[in-house]
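In this document, chain identifiers A, B, C, D, E and F correspond to the written order of the chains, with residue numbering beginning at 1 in each.
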Amino acid sequence: MRPSGRANEATREITLTRGFTRHAEGSVLVACGDTQVLCTASVEAGVPRWLRGKGQGWITAEYGMLPRATHTRGGREAARGKQGGRTIEIQRLIGRSLRAAVDLKKLGEFTITIDCDVLQADGGTRTAAITGGCVALVDAMRYLQRDKKITTDPLRGLVSAVSVGIFQGQAVTDLDYAEDSRADTDMNVVMSEDGGIIEVQGTAEKQAFSRAELNAMMEMAENGCAHLFARQREALGIAS
Amino acid sequence: MRPSGRANEATREITLTRGFTRHAEGSVLVACGDTQVLCTASVEAGVPRWLRGKGQGWITAEYGMLPRATHTRGGREAARGKQGGRTIEIQRLIGRSLRAAVDLKKLGEFTITIDCDVLQADGGTRTAAITGGCVALVDAMRYLQRDKKITTDPLRGLVSAVSVGIFQGQAVTDLDYAEDSRADTDMNVVMSEDGGIIEVQGTAEKQAFSRAELNAMMEMAENGCAHLFARQREALGIAS
Amino acid sequence: MRPSGRANEATREITLTRGFTRHAEGSVLVACGDTQVLCTASVEAGVPRWLRGKGQGWITAEYGMLPRATHTRGGREAARGKQGGRTIEIQRLIGRSLRAAVDLKKLGEFTITIDCDVLQADGGTRTAAITGGCVALVDAMRYLQRDKKITTDPLRGLVSAVSVGIFQGQAVTDLDYAEDSRADTDMNVVMSEDGGIIEVQGTAEKQAFSRAELNAMMEMAENGCAHLFARQREALGIAS
Amino acid sequence: MRPSGRANEATREITLTRGFTRHAEGSVLVACGDTQVLCTASVEAGVPRWLRGKGQGWITAEYGMLPRATHTRGGREAARGKQGGRTIEIQRLIGRSLRAAVDLKKLGEFTITIDCDVLQADGGTRTAAITGGCVALVDAMRYLQRDKKITTDPLRGLVSAVSVGIFQGQAVTDLDYAEDSRADTDMNVVMSEDGGIIEVQGTAEKQAFSRAELNAMMEMAENGCAHLFARQREALGIAS
Amino acid sequence: MRPSGRANEATREITLTRGFTRHAEGSVLVACGDTQVLCTASVEAGVPRWLRGKGQGWITAEYGMLPRATHTRGGREAARGKQGGRTIEIQRLIGRSLRAAVDLKKLGEFTITIDCDVLQADGGTRTAAITGGCVALVDAMRYLQRDKKITTDPLRGLVSAVSVGIFQGQAVTDLDYAEDSRADTDMNVVMSEDGGIIEVQGTAEKQAFSRAELNAMMEMAENGCAHLFARQREALGIAS
Amino acid sequence: MRPSGRANEATREITLTRGFTRHAEGSVLVACGDTQVLCTASVEAGVPRWLRGKGQGWITAEYGMLPRATHTRGGREAARGKQGGRTIEIQRLIGRSLRAAVDLKKLGEFTITIDCDVLQADGGTRTAAITGGCVALVDAMRYLQRDKKITTDPLRGLVSAVSVGIFQGQAVTDLDYAEDSRADTDMNVVMSEDGGIIEVQGTAEKQAFSRAELNAMMEMAENGCAHLFARQREALGIAS
């Protein structure tokens, strides 16, 4: 029995609120149960130095957690003078995942930065950030088209992410903190809209997992992402 | 005529939403027009090293702005590896101001950290942070009393803050960004509930101001803070 | 009775020694009682990146305290790898104040950096730095004119600063450390030669202050600055 | 056809030289083709603060690359003043993986730090570091037993790691730099001696991969790790 | 002919002003020609962690240059967030040299920090810092004895330092900036009062030097230091 | 009697293995007894900003020690976020010494970086780094000539370095750690192939040394370096 009482394959309620703040070209508050992440997409002309003159754009991501998004207050990274290893690991994952959604050549020499700031954490912040960040990214690319800065849509397809795991010997999906902190295995899966796998990161927290368990988790991830794509399309007004 | 069309003495609509996030002992979203600041108050047992054994508590504040809270994206301070001068100046002001609200002896050896994170900026973020942070602080001190960790109420009185300025030769109150960026003088005033002045910081951005203008601004600040105290009491369920 | 035995409105003896070191375009040792600050003004061609091509100059300030300028040794900021919050707050104040003395358009694309290094501290180091730094700044602008690098005098008027406060219920001026550390309120006022207010920063250290006290302190600040302008003009050989 | 001419399932020659340097409790040079990583295991009494008094030990890892381990010189992280995101991501993976090899309770309050320094890089440095680091770790735990500092063997089982990927549409194993830099998918798999999966990190560098490709890669990873366990046992003098 | 017109063996006028600032236990302004260094000695109870419980004291030094001590302004190290390599090299030299003057056992568990801040630079700042720092150090140790914190004098003997070099093929002593910047060899020599050598650091800036030149420079250094010891004793009121 | 049993003038066995790693233009493993340093020379087009347009090249060095190169593990500098004072002191020495081997005008606008990473330490790492680094540097300059990037050989002559010291009252050469940690004086001497002195750094660790001792050490250094030049020439295939 899961702490939340959910069925093994049940995901939490997810809401994607577009236009949550008004300055960013894309601004989405994603709430997945009690996890709340504000994802903004900011467009800037130009690309990093190492990409200049290659006729392509760039997507990058930054991740942060407000100090009291969690049960006990964590130190503010800006005050400590460096981002922690977990933060860096996560923001690299988000950036790689969202780049997979975009044809960088069609984006042209623009950089879109996806800022994912966790207002409240209850497990699955990185997967929520990818799912919500993708919607903010689409809004930013729509802005570029509306503004005639680019002429074709750089979107290759949506990208979403879900966490799966082995909890008390069973595969479960969309773990909240109560589960996550006691799971045997925790795995984050990022998928593309056409069913391809973009990233798999599975970690045996307590004991190694088997190929069969990997398969069971992948199965759940596919279902979970299918659900998320529907919610993303709904939020963006895209017909399925 | 002010850009917003407001009368010189008119403040913006302010809302103070308590319990905005669920982990912190106090959590208030303060919205002052389009400025939105999430203020959380976190209680930790113990005090900084230099205060140990003195039988008193400590209140400190940290301030941050989400990278895209503003018109153009600002660099993430955690990624740059240091807090900017403006950030440091502001968080010191918030900390000093809120300490004035509390009898630190009565607080006992607890530290309350007020995190003020700007979700959206439209002028007056530091004053909103003080006004909202004070409500979060009260909630945290109520938690300590409810939990029997302290037996008397450490609150000496509420504290609120408002910005005033000289815009096109006239004193105005609660400047938004459009005004603030073009004002001749910008002044932040922090007051105590009994009408005392806790902090005054006035800067002639374009040209020096006179004693008469200082008086006119102080007058407006007193009125503005009186209004804010009413809203704080309302939010906290304190009879006036 | 003030610790120093001075009358409430009495300032300390101030000396402004020009040419204290020989490399800088302006170099002034300002001694205000036992407070000694070395202010140098350094001219460099060019302006910061964000000002380029706007046909104007820039004035900036940096502040530091020698580790043993104080009663007990403070850590060296260069060794700790960052400037403290107090240092940053002060150098921003000095920079803003001195920019008010200058018509940046007339300065042309030059940057003048005012370094204020405290050799010995006894209260009022930031106000001494502004008063002394202004004299060093004038020397640097005279150098630019003498060298035919600019053709008109960019000086809009002198700027000076004084600290005032409430000590044992009475307004006093030019607080030394013994007073400053026990004052109820501490306020720094920066004024322009024509009597305008450039900056006011008042902090209730122990208890809130009233409008009447604010007025009494402003009165003293005006007198104090008038005295300082006379000493600046004397040092610079300017007829009153 | 792979750039190296190897068959898809063929791994590179691996050598594990124990006692490569003489000060560390475990010191292994692992060479996997042209990739050379020096792995040292250092034993220190005590554990990090957050583990004290829990009666268990700790395993942690640090990773670095000599500036000219690569085709073009990379900046020295110590000189730049921070470890890069890739470094941090890798050393966290190594630490997690090696902790899975050890019963931390049996280790007692000792910390073993595995330093993995890449002398020469040709793809697969992180997997080589795990495979070599595990041998150094065993040597360090043997030292603790030999020295009577602990009485039972904390080793739960060996751990090894291999990279697999999709190169020109086919699953391949143990990618060198020429392949790695052009692969569609790159996946690192860490396994336990009894066939369990400890960590899977797969990234679609160019295009998403399918469940079938994931399975093909996992198959190869199992074979690759089986081969590595044999070489680890051989190096350590453990009968299969 | 030397730029200054001095004879090869002639040193510059040196003055050692004790009590230059009033808070430090020792405070000496050393002026050697146009080079001016403020050396303060600060006493603190206790020793660094790695020395605790060994019944001995510690002497350490820090060095800094005011930004405009030189012909062109150098960046402030505190603002850049790190001390430069030259600074670190110099302060390590000063610390080692001054420790040679003291019997650390007799000092007891006190730390004396010598801060050497260059107000004006004209060559030879590190040697001036050692010579002046030694006088400040003696004052601090006299303070400890006067205050009955230690009962025996920890001074083993004075220490002084001089720069020598090869300029246009000839050995010269006490180089100023004009010479130093064009010298073939620059050598700093630290000596003890009884004629022993404490430190020699010679660098061939332009071309290698011979054993004969080394000897000629050492000869001059001995004479130079003898002169400095006389001035130190004079300043300290020690009979020769 | 020296701990190693060596005669006072006896150096340790030295080996210089060229081509130790394959990516760098020069790569030398220098082993001097148990001290092992990997020296790589990396060629990059261009020079630092302050040298641009002067038609000359630049040689710079960086030094690092693997965390467990020593008896007890030292913290990784990259993880601590800064290079230690000793590291900075050493890499400045290596850079200065190797620049003396090269005619920078003939090198043209190339920068050669010598990375010296200590794999195992047993005294004399900085002198081994200079001796080995010089061989790597020659290889890099040969590469530039072979590649027709420069047309004349920039080598002015080889440079080597040896440590000498006073151990139990006697001059000794090439100290290992057991000696070095107990020596009265430790001196590093860098020489040019034609017998000139490039750098002398002598430190009285325990007691001051005399002119006679300085001479005895210099004598030994000359012999030691002569021996090293023979080994360098041998390694490089240069006839004596």
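The working rule: a contact is a pair of C-beta atoms (placed from the backbone, for glycine too) under 8 Å apart; a residue touches a chain by one contact, two chains touch by 3 or more.
Just so we're on the same page, UniProt names per chain: A, B, C, D, E, F = Ribonuclease PH.
From a predicted model like this one, the values you see are computed outputs, not experimental measurements.
K.L.:
Could you name all chains that are in contact with chain A and with chain D at the same time?
P.N.:
Touching chain A and chain D alike: no chains returned.
K.L.:
In terms of touching chains, how many steps apart are chain A and chain E, taking the shortest path?
P.N.:
So the least number of steps between the two chains is 3.
K.L.:
Using the average of all C-alpha atoms in each chain as its centre, how far is it in Å between chain B and chain E?
P.N.:
Computed from C-alpha means, the inter-chain centre distance equals 50 Å.
K.L.:
For chain A versus chain B, what separation do you get between their C-alpha means, in angstrom?
P.N.:
Here the centre of chain B sits 33 Å away from the centre of chain A.
K.L.:
Indicate the whole-number Å distance between the mean C-alpha point of chain B and the mean C-alpha point of chain C.
P.N.:
Spacing between the chain centres: roughly 28 Å.
K.L.:
By residue number and range, which residues of chain F touch two or more other chains?
P.N.:
In chain F, 81-82 touch at least two other chains.
K.L.:
Sort the chain contact graph into one of these: line, ring, star, complete or other.
P.N.:
Graph shape here is a ring: one loop, exactly two partners per chain.
K.L.:
How would you write out the ring, from chain A onward through chain B?
P.N.:
Counting round from chain A, the next being chain B, yields A, B, C, E, F, D.
K.L.:
Name, in rising order, each residue of chain C that touches chain B in their complex.
P.N.:
My answer: residues 82, 85-86, 88-89, 91-92, 96, 100, 187, 191-192, 194-204, 207-211, 214, 218, 222.
K.L.:
What residues of chain B sit close enough to touch chain A in their complex?
P.N.:
Against chain A, chain B makes touches at 21-24, 27, 34, 36, 38, 40, 42, 44, 62, 64, 66-73, 76-79, 81-83, 87, 113, 115, 117, 119-121.
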